[in-house]
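First chain written, first letter: the chains are A, B, C and D, and each begins at residue 1.
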Amino acid sequence: MQRTKVAILGAGFITDIHVESYHRFIPEAEVVAVYARNKDKAKAFAEKYHIPQWFDNVDELLQKSGCEVVDICLPNFLHAETTLKAAKAGKHVIIEKPLAVTLEEADAMIDACKKANVKLMYAEELCFAPKYERVRHLVKEGAVGKVYMLKQAEKHSGPHGDWFYDIKQAGGGVLMDMGCHAFGWFFWMLNNAKVKSVSASMATVLHGGRTQGEDNSVVIVEFENGVTAVAENSWAKHGGMDDKSEVYGTEGVIYADLFLGNAALAYSKNGYGYAMEKADTTAGWSFPIFEEVFNQGYPHELKHFIECVQQNKEPLVTGELGRAVLEVIYAAYAAAGQGKKISLPFHAKVDRPIDLWLKP
Amino acid sequence: MQRTKVAILGAGFITDIHVESYHRFIPEAEVVAVYARNKDKAKAFAEKYHIPQWFDNVDELLQKSGCEVVDICLPNFLHAETTLKAAKAGKHVIIEKPLAVTLEEADAMIDACKKANVKLMYAEELCFAPKYERVRHLVKEGAVGKVYMLKQAEKHSGPHGDWFYDIKQAGGGVLMDMGCHAFGWFFWMLNNAKVKSVSASMATVLHGGRTQGEDNSVVIVEFENGVTAVAENSWAKHGGMDDKSEVYGTEGVIYADLFLGNAALAYSKNGYGYAMEKADTTAGWSFPIFEEVFNQGYPHELKHFIECVQQNKEPLVTGELGRAVLEVIYAAYAAAGQGKKISLPFHAKVDRPIDLWLKP
Amino acid sequence: MQRTKVAILGAGFITDIHVESYHRFIPEAEVVAVYARNKDKAKAFAEKYHIPQWFDNVDELLQKSGCEVVDICLPNFLHAETTLKAAKAGKHVIIEKPLAVTLEEADAMIDACKKANVKLMYAEELCFAPKYERVRHLVKEGAVGKVYMLKQAEKHSGPHGDWFYDIKQAGGGVLMDMGCHAFGWFFWMLNNAKVKSVSASMATVLHGGRTQGEDNSVVIVEFENGVTAVAENSWAKHGGMDDKSEVYGTEGVIYADLFLGNAALAYSKNGYGYAMEKADTTAGWSFPIFEEVFNQGYPHELKHFIECVQQNKEPLVTGELGRAVLEVIYAAYAAAGQGKKISLPFHAKVDRPIDLWLKP
Amino acid sequence: MQRTKVAILGAGFITDIHVESYHRFIPEAEVVAVYARNKDKAKAFAEKYHIPQWFDNVDELLQKSGCEVVDICLPNFLHAETTLKAAKAGKHVIIEKPLAVTLEEADAMIDACKKANVKLMYAEELCFAPKYERVRHLVKEGAVGKVYMLKQAEKHSGPHGDWFYDIKQAGGGVLMDMGCHAFGWFFWMLNNAKVKSVSASMATVLHGGRTQGEDNSVVIVEFENGVTAVAENSWAKHGGMDDKSEVYGTEGVIYADLFLGNAALAYSKNGYGYAMEKADTTAGWSFPIFEEVFNQGYPHELKHFIECVQQNKEPLVTGELGRAVLEVIYAAYAAAGQGKKISLPFHAKVDRPIDLWLKP
C-alpha cells in the first residue's frame, strides 16, 4: 500500500481529531511532521502521537519534512498565508473551516493552488458525517420528494482556544466558527445551488465580557431554486454539543441528530470522566457519545482527500465551496448589521467579516 | 355549583375540541346553544353533543339563547363582526386565533368589549398547554438563567377546512393560521415584552394549486429586551402534527415537544384508526398521541375564562395580546414582501395582512 | 350536580395525589373528611386542603363524617381491617394497591363488601393512565395483531415512607409495592386471562441496610392464552421514576413511557425545584414531567369510581382483580424462593407473601 | 504493512458484513478466498468482492488458498466440523455465533485449536459494538456504582436464510440465533463471572408454520456475584431490528440502543430503498440506520483478531466464552422445558440444545 506523507499544521483540539483519524482509519496516509507556533507544544504533540518530525517554522517544514500534503488546522488568520506558502512549495492542501478570513484571501488561495497544480480541499466534515450522508442519500433516492427547506444547527457553550474570542484572529464569532458548517452543508445538499438572499439576527448573550463577536446567530438563506435554509449557531448553549440537521420535502421529512441522537442515555449519581464535547458535567443524566471522531465524519473526509491525492481526482468539497460559504458569512453579517435581506452575489471590502455587523 | 351558559359559534374541527373540553373538564360551564352558518350542520352538531338549542342566525342566538358567554370558533373574516354584535348584546367573548384579519378590526373589537364592559379573551391555547406551562414555570424558577432565545414551531400538512386556503376569508396562509401561536407564546413567555423588529421568509411549496397563501414560513422576531425568537410554521410537513418549543438561557436549555414527545411509539403492519392530527397513515411506525385535547391545553384555557367570568377577573390572555400578535403578522408579511427587517410599531392600511407580501 | 361525599383515609404521598384529583377533576365528589393515625397530621392535612372534618379514629370517622365513600390510602397491613369496618358501616370502598397483605384478607374483604352490598374498587391507576389506555385501545383496534408478549416496568430509588421497608407492615418489598402495578395491568390488558405459571428472580441490592425486603425483581408470567408477560420492578434505580409498558403482537409493537417519554428535556446548570418523582437532582440534564397526577390516570380512576357509586355500576377494576394480583405476588415470591416455575392457582398459608421467598 | 491472508467460509448475509469490514476498515487483512457449498454462489461472491479464489470444497480451500486465517460464517451444524479441519490444517479460526451446536462439539473445537496451536476467536460483535463498548467503559469508570442488573434484547421479524428455521441445522430457534448475543455480552460485561442459575420462558408465536423452534424467549440469568441478567430475544417483532442494552448499578443506570437510538427519523410518503435490517417498510415514519456494519462493531472485532494473529496475542473473546454461552443456552432450554430454574454447571447429552425444551 502506497502511503501519502502528511504534515499536520497546528496542535490544538481539531488536530487531535485529525491525527486520530489518520492513525485509526487511513492506512493510506502517514503523518510525517507536525508544526506548532510554540516549539514545546510541537514537540509534545509529536511525542504523544509518535510523529517523527516537529517544527515551529512553516517554511522549514515545507522544505524539509518530505510531506506531500499539508493539513492546515491553524487559527483563521493564518489560513491564507499558510496555504499560499504550501502551494508555492508544491504541496497539496486540506484546510479546516472557514476557508479564510476575507474573500480576497479566499480568491488568492484558490488561485494559487490552481496555478501550482496542487489540490485544495475545504475540510467540511459535515459533508462526510455518516448520519448526514445517510440523510443526503435518502433525499437523492426521493424519500422526501422535492426539498423545500433545510435546517442545520450547531451549538455549544463556547470554544476551547482563546483566539476564537479575538475577532482580529478569527474574523468573527460563532457564525465564522460554526455557521460555516451549516452553509457548507446547505451547498452540499443542494448541489452548489446559488444563494438568492441572506437575512440574519445576531447577538452577544453569554460571552460579552470576553469577546466583541456574536455568540448566538440565526440566519435565513434563500436559494434561487426556491429552498429556504435556516442556520442556528450558538456558543451560549449549555449541556454539551448539539449538531442537528433537518430536511423538509414535499413528500416527507428527515430529522438527524449527531450527538443526543447517537448517544447512550446515562444517569450517574457522582459523574464520570467524559460525556461529549463541551458537556459541563457528567453527574445526573447525560448523553455519552461514542466514536465521536468517526461519527462526525473526520476519517471519511480525510480518507477522501488522500484518495484524491493518490488517484489525482478533484476533491468533492472544493475551495470554491469554501469561498461560497464565506460569501454567505459576509452577507449574514451585513444583513444583521443593516437589518435587511442581502442579495447575492455580495462583496464588501473589509478587514474581517464581522466588521459588516459591528460597523455597518 | 354555579354554571355559566356558553354559546358556541361554529361547528368545525376546533369546535369539537372546545365542546369536548367543556363537557369533560369544565363543570362550571354549560353549553346551551350552537350556531353554524349552515342550518343542517348546526342541528347535527347540537344533536351530537346534546346541546339544547341551535341557530343559523347569530343575532337570533344572541337574543334568544340566554347565553352569558359566546365562544367564537368561526373563520377569521367573521371574527370582528361577530365580536361586535356579541359585545353589543352584553355577552362575554372568547375568540379563537387569530384575533381578527386587520388591525383596525382588532382595535374595534377591543374597544367595543371595553365599552360594553364584557370580557374579551384571546384563546391562545399554547399559553395553557400543560407541558409548555411546565416549561414556563421552570424558566420562572431560574432553571435556565436569563432567556436569550425562544423557538416555536407548528407544522402539519395543511388545514381541514377550505376557507383556510382562501386568502379573502383567512387574510393569509400558514402564518395567519399557525404563526399566531408562536407569536402569542413569545409574548406570554416574555411577559408582553415589546418587539423591536421582524424578519421573515415565506414560500408556497406544496399547496400552490389551491392557494395564493404561503404554506411555509420562518420568522425571526427581535425583542427590545434582547431576546431573539424564531417561529417556524408549515402546512407542507407530512407525518402528522409537530408542535415544539425551545427555550435557551444563559444557564441552560429546555426542549419540549407536544406530539412526538408525548406519544407512544407504535409499529403496525396494517395500520389502525387514528394516530394524531394530520397523520397521513398509521401503517408502519407511528406516534399515537393521547388525551390530545387536554395535552394542548384547551380545557385549561376555557376553564380559566369561565372562572374570569364567574369571578369577574381579567383574562390572562387578552385582546391586546391578540392584537400584538396580529401586528407581528403584519410586520412579518411586510418583511417577507420588502426583503428587510421591519421595525415595530408597524401599521399599514391593507384589506388583509398577506397583501403586504403579495403586493409589497 | 349531585356530589358524593368522600372520606380519605391516610395522609401520605398518595393521599395528596387523590385529593388533588378530586379537587381539580372530579366535581362530582366532595372530600368531607380525612383520617390519619397521627392527630396532628390529620389536622394539618385537613387544613392544607380545606377539608371540613379530620379524625384520628376510623370508627369515629365512619359514624360521624357522613361520608358515602371511603378512599383507603393506608399502609398495606391496615387494608383488610379498615375495609371490613367500612363495609360494615355501609360505605363504598376504593382501596390503593395492593389489595391486602394475604389472600385470606383479600377473600374476607371481597366477601364483606358483597354482603354489605357496597362497591369495592381496586385502585390500579395504570388501568386509567391516559397513555396506557391509548395503547390498550390501539391493541383492541387490531393495531398489532394478536398479542404474544407484554412488558411492564416501574422503577425508582425507593419509597418515601418508612413502613414500606418494614416487611411486617408491607408484607414484602418492591414486588408488593410496585410489582402489583405490572400484574394488574397484565390482567387488564388481557381481559382477566388466567395465569398458567410464574417464575421470578429477586434480590436486595441497594437497601440491604434498611430492609429485609427485595428491592429489585424480575418476574415472568405465562398466561393460559399463550401470552408471556415480564414485570420488572426496582427500588434501586436512580434518576427518577421509570414507568414503561410494551406490547408485542404478531403484526406490530407499541412502546409507551409515562415519565421520560412525556417529559420536556431540560439542562439546568444549577438546578431548579422539582423534575419528577424521585429525581435525585435537577442540575444537569433532567426530564421535567408535567400534569403528573393526570398523566398517571388518578383523576380518571377516581372519577370512574364516583360514577359507579352514583349510577350504581360495577367498577371495572374489581377486588377480584386485586386478589388475582396478590396471587401472582404469592407465586412470584414462591418461585424466587424455590427456584422454579410456580403453577397457578397457587395458595400457601403465610403471614405475609415475602415469607415464601425468605423462608421457602 | 503486513497483510494477513483470510479465507471467508460462507456466502450469506453475515459474510457480506465481514467482507465489507475487511475491505473498508482492516487494511492489515487481505481476503484471498471464499468458500460456499454452492459453486455458483461462491463464484458470484468472489466476483462481487474481487476475491481472487473461490472454492466449493473446504479441504481444497485449506490446502490451496494460502490463507492463514479462516473466518467461518457457515450454518451452525457445520461449525465444529469446519473448525476441526481448519485447526488440523494449521489455520487460525474466527467463528460466527453460536460457537457450536453441542457442548461436546464446543469442547472438541477448543481442544483442537489448542493442540494445533492456532488461535480460536468467538466472533461476538456486541463485545466490540462502539456504543456498547462506550457503556462498558463508563461502567468501569464507576459511572453507575456496583452493577446489579443487566438487560440485553435483540429482536426482529425472523432471519433471512432457511436453515435458521430447521432445528436440525440450527440446533434451536431464536435463543440459539440471538440469545447467544445477550449471554456473550453478559459474560463480557461481568468479566466472565460464573452463572448460578437460569430460568426461561419460550414460545413459538409467529413462525409456527415454518419451524419447530422457539421464536420468542425471555431468559433470566442469575450470576454468582449477585447480578441478575435478563435476555429478551425474538423473531416475531416487526418494524426492523431492535438491539438494546441496559445496565443498572447502585449509583446510576445506562440505556443504549443500537438501531432506533442511532438512526435518523424519517417520514416518507412513498418510501425509499432501505431503512435498516428487517424493516418491513420504509413508507410512513422510519428509522434509517447509518454505517450499520461499523455501528454493530464488526470492523472492530475482525481488526482485533487480525491483530491477535499478527502479534501472537490471545483474542479477548475466546472459544471458552463461546462455550459458556452455549452452556447457558442448554440451561435455558432445560429451564423452559422443565419449568424450573436450572443451576449451573449444567450438562445434558442431546443432539441439539432445543431437545431439552421440546422433549424435556
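Criterion: contacts are C-beta pairs under 8 Å (C-beta built on N, C-alpha and C of every residue); 3 or more make two chains touch, one makes a residue touch a chain.
Just so you know, these numbers come straight off a predicted model, no measurement behind them.
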Subunit B and subunit A - chains in contact with each: C, D
Please flag the chain sitting at the greatest distance from subunit A, going by CA centroids. C
From the options A-C, B-D or A-B, the pair that copies C-D, where over half of the contact pairs coincide: A-B
So the centre of each chain is just the mean of its C-alpha atoms; given that, what is the distance between subunit A and subunit C in Å? 54
Distance-wise, how many Å sit between the C-alpha centres of subunit A and subunit D, to the nearest whole number? 39
Would you mind listing the residues of subunit D that make contact with two or more other chains? 238-239, 251-253, 267, 269, 282
State the interface residues of subunit A toward subunit B in the complex, per the touch definition above. 148-149, 197, 199, 201, 203, 205-206, 216, 218, 220, 222, 226, 228, 230, 232, 234, 236-239, 248, 250-253, 339-341, 343
Subunit C contact footprint on subunit A (complex, rising order): 238-239, 267, 269, 280-281, 283-287
How about subunit C: which of its residues touch subunit B in the complex? 1, 25, 27-28, 130-131, 133-135, 138, 141-145, 251-257, 261-273, 282, 288-291, 294
